[in-house]
Amino acid sequence: MSRLQVELPGLTLKNPVMPASGCFGFGKEYSQFYDLSLLGAIMVKATTREVRFGNPTPRVAETSSGMLNAIGLQNPGLDHVLQHELKWLEQYDVPVIANVAGSTIEDYEQVAEAISKAPNVHALEINISCPNVKEGGIAFGTHPDTARELTEKVKRVSSVPVYIKLSPNVSSITEMAYAVEEGGADGLSMINTLLGMRLDSRTGKPVIANKTGGLSGPAIKPVALRMVYEVSQKTTLPIIAMGGVSDEMDVIDFISAGASAVAVGTANFVDPLVCPEIIKNLNNILEEWEIEHIHDLRGRSWKDIGEAAYHRS
Amino acid sequence: MIGQENMKIVSHQEIAANIFELVLEGELTKKMTSPGQFVHLKVTSGNDPLLRRPISICSINQEMNQFTMLYRVSGNGTKVLSERAPGAVVHVLGPLGNGFPDDYLKEGEQALLIGGGIGVPPLYELSKRLVHKGVHVTHILGFQTESDMFYKNEFEKLGETHIATADGTHGVKGFVTDVAEQLSIQPDAYFTCGPSPMLKAVESKYETINGFISMEQRMGCGIGACLACVCHVAGDESGLKYKKVCSDGPVFKSGEVVI
Amino acid sequence: MSRLQVELPGLTLKNPVMPASGCFGFGKEYSQFYDLSLLGAIMVKATTREVRFGNPTPRVAETSSGMLNAIGLQNPGLDHVLQHELKWLEQYDVPVIANVAGSTIEDYEQVAEAISKAPNVHALEINISCPNVKEGGIAFGTHPDTARELTEKVKRVSSVPVYIKLSPNVSSITEMAYAVEEGGADGLSMINTLLGMRLDSRTGKPVIANKTGGLSGPAIKPVALRMVYEVSQKTTLPIIAMGGVSDEMDVIDFISAGASAVAVGTANFVDPLVCPEIIKNLNNILEEWEIEHIHDLRGRSWKDIGEAAYHRS
Amino acid sequence: MIGQENMKIVSHQEIAANIFELVLEGELTKKMTSPGQFVHLKVTSGNDPLLRRPISICSINQEMNQFTMLYRVSGNGTKVLSERAPGAVVHVLGPLGNGFPDDYLKEGEQALLIGGGIGVPPLYELSKRLVHKGVHVTHILGFQTESDMFYKNEFEKLGETHIATADGTHGVKGFVTDVAEQLSIQPDAYFTCGPSPMLKAVESKYETINGFISMEQRMGCGIGACLACVCHVAGDESGLKYKKVCSDGPVFKSGEVVI
């Protein structure tokens, strides 16, 4: 097995690096820059049952080392995603993780059932943590009981493994992880954005039309890392981690914290080639450090796993 | 094709109050073909500012492998940019989006170019090309006040140029549409870039002729992936259709999108 | 009344700007740089009943646009604070807000009762949100019932108004605000740090000896701003806001979000003169904008308070 | 008195692998009196990197109003600093802390200066001053490998200078204490700066004489307010006593604090 190959429920990844949902569309735009088959996987944009326009603009604002977004789950709807976006992606040798969203549990069930049958969808990422929509989204992601119920129902109808995407906007991320583990989740993906806001200092009004938005980027990395560190010690579920990843050292940090794979969000906007570059550099640095497999580093922030997993030089 | 390059600053100067002219050099220039396209700049390494900044291409010099941008210092990113000295490099992603068509009008036809404030720059390369094709150009340029004004001479060299300032310190007191009211020429098409209220006013004033309108919107990716920059499609009653300013625009045909 | 003067329960502030607790010691070090009487108030370092050494070092680590700290409430103990630190501060014409911490409710009561009697202590800030100690601290700050009870008990023994310092590490900050409002709090101070962590990428081990730490600085400003925006619409308690403030525009943002006064933490480390500079610039900008009083801007992010509160030029 | 100033970079160069020599000019130099003090640098404007970086003063030139620092690029902050060009300004807070006493030894007495890696720089100004007072100085400087070595010539001009490298590529193979074992001189006091294991080894080797030890710790404020940089006091059984490296140190008397 190669140094970077990672096996997860439903997924055989060439490497543990993938674009995060909503930061990569359905891949078309980035295919202008590189061959998408280089990626470990692709987490595509959230899909809902119906087509959605999303929130009014402005939808993004910059903050110190971060950005706020309130796209509001704009997407062309389940049917279009199945017939066009996922179909188009079939030309690449890369597993797709479909991000599922909705306003009601039934919405989630319906999308999960249908989209999990697409041939290149190898896993679902259930988005119970979108801070930018009025109904559903984060409401499911901050109450353990609702999250458990949703997980159970989605699991029942899905033909592929189910990863639940956790919200960081909670008092105890571990409690949420326990709840979805009980609900039968196959894995976790974490974290979604932190709820934040920016004001125009002159007018005093919110810069984003939706008023609040989700904070992503390097600013949130310390929070994401801490949450992965906590949760990975408490559950046996594999974790796909995200939050501020922009280089190979960030990937190593999240794996050291306990993640099995890592997603790159905001950094794609800064550098469209960031994912393949991370993959290349990651391989090089592991070689330099004489680490046989990326998972030799997994959880070393809290596990005592001996010299092998440390930097040798 | 979109490219990426660390481009060298060959000149960088303040040409009006808070307005900077930045000339970059590098191979990426070769890809720049259409006036009205923009580039996405990483103003400095490091995470603050984090995102790129969209800036229009103002003029292209293929022989020298250089292109020029004009920008206004408005927030933190442009402030940091303005402090970068010649010799330093700026990371450029581009050219992005679809620009103004320079073949819509034929030789001898009349073009009206209307720019407001920092919307003026992309019209410069456009005007040069139209003139080169033998199209007659008339410019109306609007600014807040005289000290904000830039490139008046440059535009005058290309064709008739009218200035409007909101406070009357130069040219006509008022807006670009006030100048338009008084124009005797009958344009065959208009080309405009500036703040939305101006674009709206221009579109409704010239309802009967075709125009090309460059839109602005806050951006994330700049390449069509993040859906930060969408606008509604004109006449779409479902409210579900959209265009992306970054990749479908920034230039749209008049009547195509909701300004 | 001057443009910047602010009246709050227990406090008449010359201006709404004060250093945040833990980022200014008891003022001595900063008195080398300027006259402390320039400040609106001083929020002094957390005081516990007994002297505490705090956590092992390293205690700080830098992150993108932020820093992590795990000082662990090091302080010389109640008696020493009363007899030396607060005594020393009496030479300045500036109200002190005493930050109170402990491991049990009794600890809080005892410190609150004694320290609230110091002549220059005009208000208490009850720190139920320190993420860096094993007992007390954040445990009180993430459970509404405990927070309510603690507030009631502290109120009973305190001779000055009581501000409760809220933790951002909760699912609903509004719920916490309601709880302490019910408990009789006179005001809120928010936010304390977000729980985060940094790893040494080479060894994979936490940089901070305490493993996790509290994230502060510009990185957290969007989260702090959103929380002040939410809470100020839901309670009538005045808010002293903090989180990434480093210039006068940040102060204006927090006031626009609904705060009554603002504290400056991490920015003191970057520029020891930051507080007096903010005060000066704040006055200048309000003059330029022709705003008669800083509170004309209060809550304008969500209130419709007319042209007066907007930028005029 | 601590001051603050935007100081100009007059020279900036790499003098060994990843080791830079930075010379700054400005009035703040006047306040720098004691060798072993440090300054707190804001390496760039903006919020990333956010905090200041503590760097020791390596030498002071009062006539030219300049002082020199030597630093190693180890993380993001020092990397950004290393990219700043002459002519640019760096914001300096300092001088901070208490340095090495240059009057502890009298003329004719023998000083031993022991530096490890990036702990070497503060010993340079100290050595100059001791030599100026007629104190005999002997230096032991330890590096990982020859390519990391710097200022060997500079120290040799001031007194006997022994080099140890961990890999034996220059001088004695081993640690500074290995060199110390072989020394014939009997120092009246020692002065040391370097990584903690080295400081510990030096302190226990010279138990019988007095020494001055410069400590390192991650810092927040640098002025004694945040309690980031504390160390335990030697012999304190309560475990509650502490010293702040930034304002009580960085130089302590041997036996004063727990290394």
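Order as written gives the chain letters A, B, C and D; numbering starts at 1 within each chain.
Heads up, the rule we're going with is that contacts are C-beta pairs under 8 Å (C-beta built on N, C-alpha and C of every residue); 3 or more make two chains touch, one makes a residue touch a chain.
These figures come from a predicted structure and were not determined experimentally.
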{"item": "Least hop count linking subunit B to subunit D through chains in contact", "value": "1"}
{"item": "Neighbouring chains shared between subunit C and subunit D, ordered by label", "value": "A, B"}
{"item": "Inter-centroid spacing, subunit B versus subunit A (mean Cα positions, whole Å)", "value": "36"}
{"item": "Gap in Å, rounded to a whole number, between the CA centres of subunit D and subunit A", "value": "45"}
{"item": "Centre-of-Cα separation between subunit C and subunit A, whole angstrom", "value": "34"}
{"item": "For subunit B, residues contacting two or more additional chains", "value": "47-49"}
{"item": "Interface hub residues of subunit A, defined as touching at least two other chains", "value": "64-66, 217-219"}
{"item": "Category of the chain touch graph - line, ring, star, complete, other", "value": "complete"}
{"item": "Footprint of subunit D on subunit C - complex, ascending", "value": "22-25, 28-30, 32-33, 45, 51-54, 57-62, 64-67, 69, 71, 74, 217-219, 246, 266, 268-273"}
{"item": "Residues of subunit D that touch subunit C when the two form their complex", "value": "1-2, 4, 42, 47-52, 77, 93, 217-232, 239-240, 242, 247"}
{"item": "Complex interface listing, subunit C residues touching subunit B", "value": "64-65, 218"}
{"item": "Footprint of subunit C on subunit A - complex, ascending", "value": "63-66, 68, 142, 169-172, 194-199, 201-206, 211-212, 215, 217-223, 225-226, 229, 244, 249, 252-253, 256-257, 297, 300-301, 309-311"}
{"item": "Subunit D to subunit A touching residues, read off their complex", "value": "47-48"}
